[in-house]
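Data first, discussion second: the structure below is written as C-alpha cells.
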C-alpha cells in the first residue's frame, strides 16, 4: 500500500503513520519526491485494509498495490478450476449450456421444454421455484412445488437442475433438489447468503450484481470460497448503464478479464443481459468467441404465455439454431460444445 | 397500456391480442395511424403486467401508462405520511438528524459519540451491529453484543436507535432493541427481507440501491407497504456512476422527485454518497435546501480508529458546525431542525 | 405520438391540445380509459418533435411511437448499405480490418507497421495526424506532415488511408489525403462537423460517443445522411460505465441491435473499448461472432515507444494470431475475412 | 508516479525501466516488498505522461501521484479566481444568475423575457443563436440574426449576453456580440474549440461533458488556460446515469469538490440537469446551499411555444419565487444574491 502525504503535511503526521504501520508489523519505506512524500508499507497490506489511513492527518490519498481477494485469484492458484457435476465439467474444454424457463410454471410446460432441450443436447436445466420479482404483485414462483417438478424432470431425463436461492432459510430445502445453486444478481452482495452457500457442498453459480465492479464480483466469490466452498462458477449477466434499448449492457470484456484474474469458470447469461430474444443468439456466439466456459439461456415453448421474462425467452427452434451456430464458433476457437 | 404493432403485422396478430385483452377483462381501443396501428388497453393495466405482450407476434413495443406502484404513490394518498417515533416525527416540518458511527465498536466509543450528538441536539443514534462488508476478512459487527450496547445508550440518553437488518433470521432479535430498522443499499431488492419488515410494527428506513431507478426504489417500498407496514422512510444515499472522485454520486434531484411521486418521508445520507468527510457538510446543506425530511450522517470521535468507514465520518466539531449551517438553511426554507 | 393527460386535467386542456394538433395537420384520436385519458396524434409525428407538448397544461407525459431517425433506418431502406472503397467493400460478406498506430509518428515506424499489416492481409491503414488528446501538454499529432506520411504509404503499398477529422477547417486538407474520414467519439455530437462531412464525397466512419445512446448515435448518422452523404460506417468503441478495470465497456449488443435498426455497416474498435492489449483479441473474436462488418485495431511495432495509446496497441505477432483466430470465427458464421 | 512490477518480472525489466526514467531526467526509487517490487519516479512525473509505462515488459500497473492539470489547480493558485464582467463579479461573495430562453426566437419574446428577468434582478441574459440539436430536422438557431437580437437587448437593458460557440469559424462573430462565451456540454472535449477560446479575451463558461469525470472537466479547463485565457467559469449541468426520470443526474457534489480542487468559479445549470421545470427550483436552492457561485436557468414566458427545451423552462412567476428562495438560502450561508 502506498500512502501519499499532502504537500503541507507535518513531520509529526509522518511519524504517526510510520508508528502505526510498525504496530501492525509492517515496514515503512519513505520516499521524499520533488512534489510529494510517499510511504510504502512493506509486508502484507491486507492487515491495513481495516485501518482508515485516509483519516490520518496529513494524508492526501492511499493507493492499494495488491488485489483485495486471494483464494479466487489466479495468483493464488494458477490452473483453471474445473467444477464437476455428475460427470459433466464446467470450466474444461467443453462449453456447457444451462437452459430452461425463467420460472417453473407447470409440469406440462416444464416437460415440454426439457424435451426440446435434451433434443438439442443440453444437460443442465434451469428454472426458478423462488423468483425475485420487482413487483410484490407479480408471480413469485411455486416454491417447493416447483422444486419437486424440477426433480421429476431430473428423474425422467437425467438433466441436472440449476435453481436460485433467495433466502438463507431455504438452503436445506433447495439442496435436497438442486444440483447447482444459483445466487441471483440482486443477491450478489447479500453477504449472509454468500456465507450460507459457502458452507454447502454444491456448486454455486454466482451472478454479477447489476452494478458490481469486477473487483466486487470477485470479492463476493471470495466470501463463498473463504467458507470452504471453492466450486464457484461466475456468471456475467449484463451491467446497468445509460442505454435503454437493451435491458442491461452485456460486459463481454468481463470474460477474458475474469479468466485472467481468477481460476474460476466463467459463464454468460445473454438472455438477462439484453432482455430481448432476437439479440440473444448473437450475444451467445460472442460469449463463446470471447472464451466463456458456458451459457445460461432462457428458453420457453410459448414465450407469450410465460409467467416471467417472456420477451427474452427463445423458442425451441431459435434455440436449436443458436446451439448449432455456437458449436461452430466453439470449434473455430478450439473447444467443443 | 399502449401496444404498438409492427408495420408488417398480420390482421390475425391484431385479433389475437384483442382477444387476450378481452379475456383479461380489458377493453381494446384500436387506432390505425399513418405509420403504425396501436392498441390501447382500457381498464386496470396492472392485470397486464404479468402478460408478456412483447412476445406476441406482430408486436413492436409496449408502453405502460400507469405507474407500477400504488400504495406508496402520491396519487393513492395525497397528504404526506408522517412517521411517529417515540414522540418525534419524521416527515413533518421538523428535519430530523440520525447520526452515529458506521459500526458499534465499544461501549466507551459509543457513549462518547452519543454524548457529542446529544449536545448537538440529535435524537436518533445510528450504529451497525451487523455490517455488510465487501470483504469476508473485514470486521462484520458485534451482533447482539452491539445491539445491547445501543440499548444501553438509549436507556441512559433517551436517544432512539436505528440499526440495520441484513438477514431475515435476525428480525426478532433486532426488533427487541431497535426503534427504527434500516434496510441497506445492498438489500433494497432483497425481496424476502422486504416482505419480512413489511410484517413488523416498526418504522423502516429503506436505502436506495446503488443502481436502483426511482421506479425500482418505490417498488421496493411497495413490497413493504403491501404487507401492511406503511411506516417506510426512503433514503437517497448516492448512486453508482462513472465518477470516481466520490464514492457514489448523490442524486439530489431524487428528493423533490420522490416528494412529488410518493407521500413517504425522504431523507438523505450524504456520508455514504460522497465517502469523504470534507464534502459531507455541503451535501447536507444541499439536501436540506432540496427539501429532505432528514439526514443520516456518520460521526466518529476518532475516525482514524474507526473499524468501518472512517474516511467518511465527521469529527464532532465539524458535525456541530454542519448542524448549525443546516439549521440556518432549514429556517430559510420555512422549516425547523 | 401518445399524449397522456393528468387525472385532474381540465376539459379545456384537452381541447387546446387537440386544436394544436389540428393546426399542425394531425388528427387526434381520444381514448378515455378508467385511469387516464390519452390522445393519439394521427399523421407524421415528426412535425410534433418541435412542439414541447409536455409543457401544455394538463399533460402528464408524452410517448413517441416512431423512431426519430429516418434515412438511416432499416424501415426506410431494407437492404444493407455496402460502402465501396477502391474496390473493397465494407458491409458486405467480407469482414474488413482497419489497423495501424494511434498516431502517425515517423516515416520509419509507419512503414514498419504498414509492412506487418500488409503481410497479415490488411487493406486499410489507420493513423492519426490530428489527435484529440485529453491533455493540452500531450502530443497533438503531426498535422499535414502526418497526412503526407500516410499518403506515402498508400502510394507504396496500395493500402487505403483512414484518418480523423477534428476541425471543420481541416476538411479540404484531409480529403486530399484520406480514403475514409473518421469522426471520433468526442465529436459524435459535434453537429457542425457532422454537417461538414455530410457534404463531402468520402465514406465516413462515425464512432459512437462515449455516453451516446443507440438512438443518439443513429441521429448523428442521420445528420450526415441528411446532407446527402449516405456512406456512413458506424463504429462501436465502448461506452462509459462504472467499471474501471477496462477503459470503457464494449457494448457488443450494439452490433446486432444496430444491424436490426439500420442498413448501415457496423464495425467495432476493441482497442479503445478495453484500453489493454491483452484483452483485444478476445474482443475482436466476439465482435466478429456478433456480426460486425469490420474491426478497427491499434497495432504498433513497439508499443512502449508509442506517442499515444501504447498500452492498448497490439504487437504484430499478437495481431497476426488475432487475425487468424478471427478468420476462423468468420468462416464459422458463414463470412470471410 | 509509482510503477508496480509483476511478481514474475525479470531483473532486466527493472533495469530497463530505471534507465528509461533516468533518460527522462527522473530518479528511480526502488522498493522491494514482500509481494511486489515498486519503482517510484522522483521528479516531475508530468514528463512521464507521454511514456506508456504500462507497455514495458514486467509492468503490472502504473499509479500517478500528481494531478494531470496544473494552471487551474488550487495547488497552483490558492486564492479564488474572480471573473469580472462589466463591473459584475462571478466567483465572489455575490451569487450570479444567468437566465433566459434556450434559443433566441424572436425580438418580441426575447424582450418580454428580458423584462421579466430584469424585474427579478438578473444581470446576465442567456440565449442561443447557434443551437446544438440532436436532430438535423430541429430548429438550429437564427445565427447572426439571433446575436443581433441579443445585442439589442443589451443596448436597451444593460444586461450582459451569454451565448454558445459551436464552431471555431464563428469565434470572431460571437465575440462581437457576446460578453461571455459558452462552450456546451457536447463540446467539452472539442479540443480545437477549447484552444480557440483559450486565445480570446472574454470569459468562457465551460459546461461539463455529459459523461466527463471531474478530472477530464478540469483538463478541458486547462486547455483554455494553457492558451492564456484564465477567465474560465466551470458549469456543472448533470451527468448521464441509468436514471431516466430526469434528463440527467445533477452531480451536486461536484460543487464542493471543484471548489476544493480548483480556484475557478463554479456555477450550476439545474435546468438541463433535470429537464423538468417542476424540479428546477429545488435544485437551484440545493446548488446555492452547496456553494455554487452562480446559476444558469432557462426561463421562457410561454414554454409551450418554445422552439427548444420548453419542458424545462420556468415561467417568470415560478422563476421569481425561485429567486426569492435562493436569496434566503444564500443569506443563510453568508452570501448575497
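Going in written order, the chains are labelled A, B, C and D, and every chain counts its residues from 1.
Just so it is clear, a residue touches a chain if its C-beta (ideal position, glycine included) is under 8 Å from a C-beta of that chain, and two chains touch if they have at least 3 such contacts.
Quantities reported herein were computed from a predicted structural model and do not represent experimental measurements.
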Inset, instruction - Could you quickly compare B-C and B-D and let me know which has more C-beta contacts? - result: B-D
Legend entry - Far-end chain from subunit B, centres as C-alpha averages: C
Legend entry - Centre distance in Å when subunit C and subunit D are each reduced to the mean of their C-alpha atoms: 26
Legend entry - Intercentroid distance (Cα basis), subunit C paired with subunit B, Å: 39
Inset, instruction - Calculate how many whole Å lie between the centre of subunit B and the centre of subunit D, each centre taken as the average of the chain's C-alpha atoms. - result: 31
Inset, instruction - Please list all residues of subunit A that touch 2 or more other chains. - result: 211, 240-242, 244
Inset, instruction - Spell out the residues on subunit C that touch subunit B in their complex, using ranges where they run on. - result: 2, 4, 7, 29, 31, 33-36, 38, 40, 42-45, 63, 65-66, 75, 240-242, 244
Legend entry - Complex contact set, residues of subunit B against subunit A: 46, 49-52, 54-56, 68, 132-139, 166-169, 186-187, 189-192, 195, 210-211, 216, 219, 222-223, 226-227, 240, 277, 303-304, 306-307, 309-311, 313
Legend entry - Complex contacts: residues of subunit B adjacent to subunit D: 211, 213-215, 239, 241-246, 249-253, 255-257, 260, 273-274, 278-279, 282-283, 285-291, 325, 328-329, 331-333
